[in-house]
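Data first, discussion second: the structure below is written as structure tokens.
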Amino acid sequence: MENFALELIQNGKRIDKRDFMQFRNIEIKENVIGKAEGSAYVKLGNTQVIAGIKMGVGTPFPDTPNQGILSVNSEFTPLASAEFESGPPGENAIELSRVVDRGIRESKTIEMEKLVITAGEKVYSVFIDIYILDNQGNLLDAAALAALVALLNTRVPKLDADGNIVRGEYERKLPVVHKPITVSVCKIGDKLFVDPLLEEEAVIDAKLSIAFREDDKICAMQKQGIKGIEFDALEKMVDVALEKSKELRKLAK
Amino acid sequence: MENFALELIQNGKRIDKRDFMQFRNIEIKENVIGKAEGSAYVKLGNTQVIAGIKMGVGTPFPDTPNQGILSVNSEFTPLASAEFESGPPGENAIELSRVVDRGIRESKTIEMEKLVITAGEKVYSVFIDIYILDNQGNLLDAAALAALVALLNTRVPKLDADGNIVRGEYERKLPVVHKPITVSVCKIGDKLFVDPLLEEEAVIDAKLSIAFREDDKICAMQKQGIKGIEFDALEKMVDVALEKSKELRKLAK
Amino acid sequence: MENFALELIQNGKRIDKRDFMQFRNIEIKENVIGKAEGSAYVKLGNTQVIAGIKMGVGTPFPDTPNQGILSVNSEFTPLASAEFESGPPGENAIELSRVVDRGIRESKTIEMEKLVITAGEKVYSVFIDIYILDNQGNLLDAAALAALVALLNTRVPKLDADGNIVRGEYERKLPVVHKPITVSVCKIGDKLFVDPLLEEEAVIDAKLSIAFREDDKICAMQKQGIKGIEFDALEKMVDVALEKSKELRKLAK
Amino acid sequence: MGKKSDIELIVGGLRKDKRLPEQTREIKMKVGNIVSANGSAEVSFGNTIALSSVHGPRELFPRHLQESQTGILRVRYNMAPFSVDDRKSPGPDRRSVEISKVIRLALEPAIFLDDYPKVTVDGFVEVIQADGSTRVTGINALSLALASAGIPMKDLVTACSVGKINGTLIVDLNGEEDNNSESDVAVAIMPTSNLVTLLQMDGVLTKEELMHLLDLAKKTCKDIHEMQRNVLLEKYKGEE
Amino acid sequence: MGKKSDIELIVGGLRKDKRLPEQTREIKMKVGNIVSANGSAEVSFGNTIALSSVHGPRELFPRHLQESQTGILRVRYNMAPFSVDDRKSPGPDRRSVEISKVIRLALEPAIFLDDYPKVTVDGFVEVIQADGSTRVTGINALSLALASAGIPMKDLVTACSVGKINGTLIVDLNGEEDNNSESDVAVAIMPTSNLVTLLQMDGVLTKEELMHLLDLAKKTCKDIHEMQRNVLLEKYKGEE
Amino acid sequence: MGKKSDIELIVGGLRKDKRLPEQTREIKMKVGNIVSANGSAEVSFGNTIALSSVHGPRELFPRHLQESQTGILRVRYNMAPFSVDDRKSPGPDRRSVEISKVIRLALEPAIFLDDYPKVTVDGFVEVIQADGSTRVTGINALSLALASAGIPMKDLVTACSVGKINGTLIVDLNGEEDNNSESDVAVAIMPTSNLVTLLQMDGVLTKEELMHLLDLAKKTCKDIHEMQRNVLLEKYKGEE
């Protein structure tokens, strides 16, 4: 199947007949987890991801006393693939978390200053948990999209007189001011394509994942894959990703 | 040996010639660990168990500000069996801890409200550590009995002016108001029997462990074993356990 | 190679032609890690070790409210040997840390009482991290020497008004009042020798490591190796270690 | 349990979510929802949602764990960090280790792996939203996932919770009821052969109450079993 | 050690528990106390109680750890949570890892496993009550457990602690003495061949004091060895 | 990054350490510094010091991880506890796991292990002092260590960091610059074949800025590559 995927790509085709620049069908459901402060389910082809946002109250980091806390975690649940094992997150799950984290943190998507309860002492924390339910390729793009949609519907919970969270009551929306979208561009020889299937991921030379803000500024990049990329190809990959990011952003209302 | 055990049971007999409803000889020693606030050694046939109670001072859980803290842990020490491995507790040790815990907690054996030092801030914690020294079958009944006897001889340590524990000095007995006894009833085909040997445990169809209070109310149940149990058999097993619980309770003074 | 080492020793010789009582060449560099409060690099033949001292601020242990905190840790980095594995410290790394710790702690090398900031509440902590870079034998003697030299050049960092450490500014030298030196004496049959090569360590019967203060008092001992030691030999090994300790101490200014 | 049994959970014969004592919440079932697995299912009881998938039969590593005469079943039950009020940190805890074991024991009597020596069948239950009765919801889901994976089964396994609140015996405890119950009981049944494969009880009950609750559980499981069969039949129909 | 060496531990020539400097606490020994093990023993020095058992020789997994020419000894020393004043949380710490190693090294010279290639002999020491000198108590127990398991031994291994308190050299430190000693020394000896297999020292001593202490240890171990032999002889007699 | 981009990092066209924007810190390289390894190197960029060694090719355990057609590369990146201002507790964290992976991916395209089926080549990077750009310093060191271990390589791998501070595009960020940058980019290149094998970017940049930075990285890597070649040549000369 993998060799077949490779041969097809080299001949300008794909297993599921998609165009090289075409994403699979994307289905988004919001607020799928009522217990969470925000949540989103993203189905990208047969890849399924849930992002759930829990908010808590904590102590700010000493070097950022006037900012809330952001934490991104992902679970490659063994539901999702015979390759995923139980146990602490492996390097791929950690890498995915950290790239999604950088895309949100570096882009200043959340106004972290508005999450201070008492400066230097007490702030809101935002935990983004990305749950992979079914892996049929291109997890990162699906995960980043789910995280963004979940952030956009996240509500800040109310505090009682003692400063503890009142579950189920909310005082305002989470202050989200940017919409970073991550697009991964794959490369086999001189062929570039987006939204790889699992079978395609197994045979790519390289993949470049790029997060763009709505002002078209780049806010995170990560190269993956077993081969190097020519400098010329890099620029093309950035262009492709920028174009596709505009398309995907329309889905994140 | 295991097939032999099975054959015998099916013919109404046991390896050690006991009656189906007969426990092995039980030897109990109290206060075997002077360093502990309470302790008991139980020898059930060749099965040996120590329960040691340590008390400490801690912060109550937010949802029970007016109660002390109870924690039950068990160690299947590699002393006790070639099957027990070093390392964190496995599923059997965790299950045993949790069933003993429920038998004590749900029955309201300890008056947890009387372990408050300062409401919402400081309470006594009760750690029950169950140490398996020799496994020759029926660990759960032995462990639950050891835990109860140890609780019954536990003394609450004194506090100094700063609220720290003064080791070796005690102010009162631990307020223990119930005497839950756990009895496990085993089933092979339509045969029911109690207090299984290790060789018998290897061939049982199912086991039902039930904790009874001295008012004959059930306060914990756990089904184990590789086969299902008929509804009719369930009731008989409950009856057997109730009867035997009265007998065992006499040993816990 | 190992059998060769053994044969040579039995014939009164060594692979590198050294005398039985001769250390390899020792190279010491101080303050090799500018980020650390103190540091030393020791090259003993081809064995390379760095000791780095970090100081922090912490809460004293309840039983020593008027003393700073000392912690010794060693990392057998996989750099240093094909035998060293990634992961938490193994028994050899832990043993080395603890023997170095005892040599420093029991000898009262550091005046721990002078590291109190607020009695019972806030004290300086001293973390000694021993990093093994290349293992060509006799790690313990090299590690203990590196730790001592690093302590001797350690400076106590300044605190700001809030009691937090100001990195890069120092108020005084760490109060170091003894100079414990550890010497390991090896034994094969009736032959005694010091500073074993890796190949020699593989064939020794026993090793006795002894730490001496500058007043020739013993402040730590640890026996290693696969065979027992005759009582007579013990005394000779102590004598050898004492003599060599004086020689090595000259290197720790 | 029983901590605050003075809370009013039943008013005018109805539970706070308007259910009758012996009524379950709305139950939804789906199979085949995870294409990467050999079998899968999603089951929800009201707001409690459990996803399940099965990988295998597949070779078991390390080899010294293999059984030469039969395949083995392994089960992991897990709760998502966002499934509860205060974020649960990822990874197994003592509760999930115990529940993983009892779920395995609940399913084992129903499957036969004698034709699969040396292999493992791995069943996973992920609770993505927790509002009481998560383990029994997970058992219903895993039973469907095993069936949809084509694992040979003597019977399905069907589970529900029963219990006692404010002195009344009830079916299918939600989270609030569970936290304030006088007793809760988790039951799994092989409905065709009428065998009980899971029975766990917490709290305080008389023997008579227990027997009544087991009866309620039996009846409830019959209905749930019917739903399980239907969702599997629909799936096979869809595949023809 | 030495933290509060101003505490009066010896008054009128007697230690606080009325012992003479060179006197051990009451020593008790038992073998065969754990029927599930191949060998076992219980040894107590006053309030310090160590249980030991041996499983094996048995095959070692994973296989790449096996030695083709000899069996290996593995040792785990552990303290029960309730063995000390403040509950010790379960699991190995740095101290127990080091002690497990030195106990293994103390026993290895006395056993020979050349006839058991590829296997492991696993020795376990559980301290169920700790009042000083736990590692030497454990060595005495494990030595008995190995012998009672029929592991081939050149010699028993016998151990005791010696040390210095209030300027006096003493034998068999209890917990309070250990915490306030000027020095403590743990010694294990193969008593027949007179070889030292464990020697660990803490605190501050002159060479002369050390030599004197080693002498005291040697004498004390002779007595303990006698007890070890007797308890083994009794066991074998009982078995005839 | 960007947290306090109002800090003045460039004054009068010079960075705080007197460098021009496109200037690296002093770079030092050594090979063969660890005799116990098959290959080794030390590389420093100013105060950032990385040691690297390579063990292997050697057999991979457990065996079921072996690849039958090729050897594999494993990489561990680690920071010493004393390498940073506040002591780092030992052991891997999420950051070091990610960096270990990207370093491995940066080197893999340059080596070929087809002639070494079933084996592993293990590369280790230890940062003993950290002042920014630790991962690229580590890549330069590991590339040298692999070459000096005789691992077949198509090309060396050369790496540097580039970024943006106070609106200016710069080369080789030190710790303070990294913490206050508007963006930082880590780049690794196979200099002979002109292929990018590592590219990670943080912060906010326009596409034009990124392209300009990639150009700077390419130029800088040419110079570093020259140094790598020289240090290897010297070593081989020394060995003749």
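Every chain is named by a letter (A, B, C, D, E and F) in the order it is written, and numbering of its residues begins at 1.
To be clear about the criterion, a residue touches a chain if its C-beta (ideal position, glycine included) is under 8 Å from a C-beta of that chain, and two chains touch if they have at least 3 such contacts.
Quick caveat, the model's predicted, so the values are computed rather than measured.
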item: Per Cα centroids, the chain farthest from subunit E; value: A
item: Chain whose average C-alpha position is farthest from subunit C's own; value: D
item: Subunit D and subunit F, separation of their C-alpha mean positions in angstrom; value: 50
item: Intercentroid distance (Cα basis), subunit C paired with subunit A, Å; value: 48
item: Subunit A and subunit F: spacing of chain centres that average the CA atoms, whole Å; value: 27
item: Multi-partner residues of subunit E (at least 2 other chains); value: 62
item: Subunit B residues counted as touching two or more neighbouring chains; value: 89
item: For the subunit C and subunit F complex, residues of the former touching the latter; value: 33-36, 39, 46, 48, 50, 52-54, 56, 73, 75, 77-82, 86, 88-89, 127, 129, 131, 133-136, 167, 198
item: Sites on subunit C touched by subunit E in the complex; value: 63-64, 89, 91-92, 94-95, 97-98, 102, 106-108, 208, 213, 216-231, 234-235, 238-239, 242
item: Complex contacts: residues of subunit F adjacent to subunit A; value: 1-3, 94-95, 97-98, 100-102, 105, 108-109, 183, 185, 189-190, 193-207, 210-211, 214, 218
item: Subunit A-facing residues of subunit D, complex; value: 33-37, 40, 47, 51-53, 55, 58, 76, 78, 80-87, 90-92, 122, 124, 126, 128-131
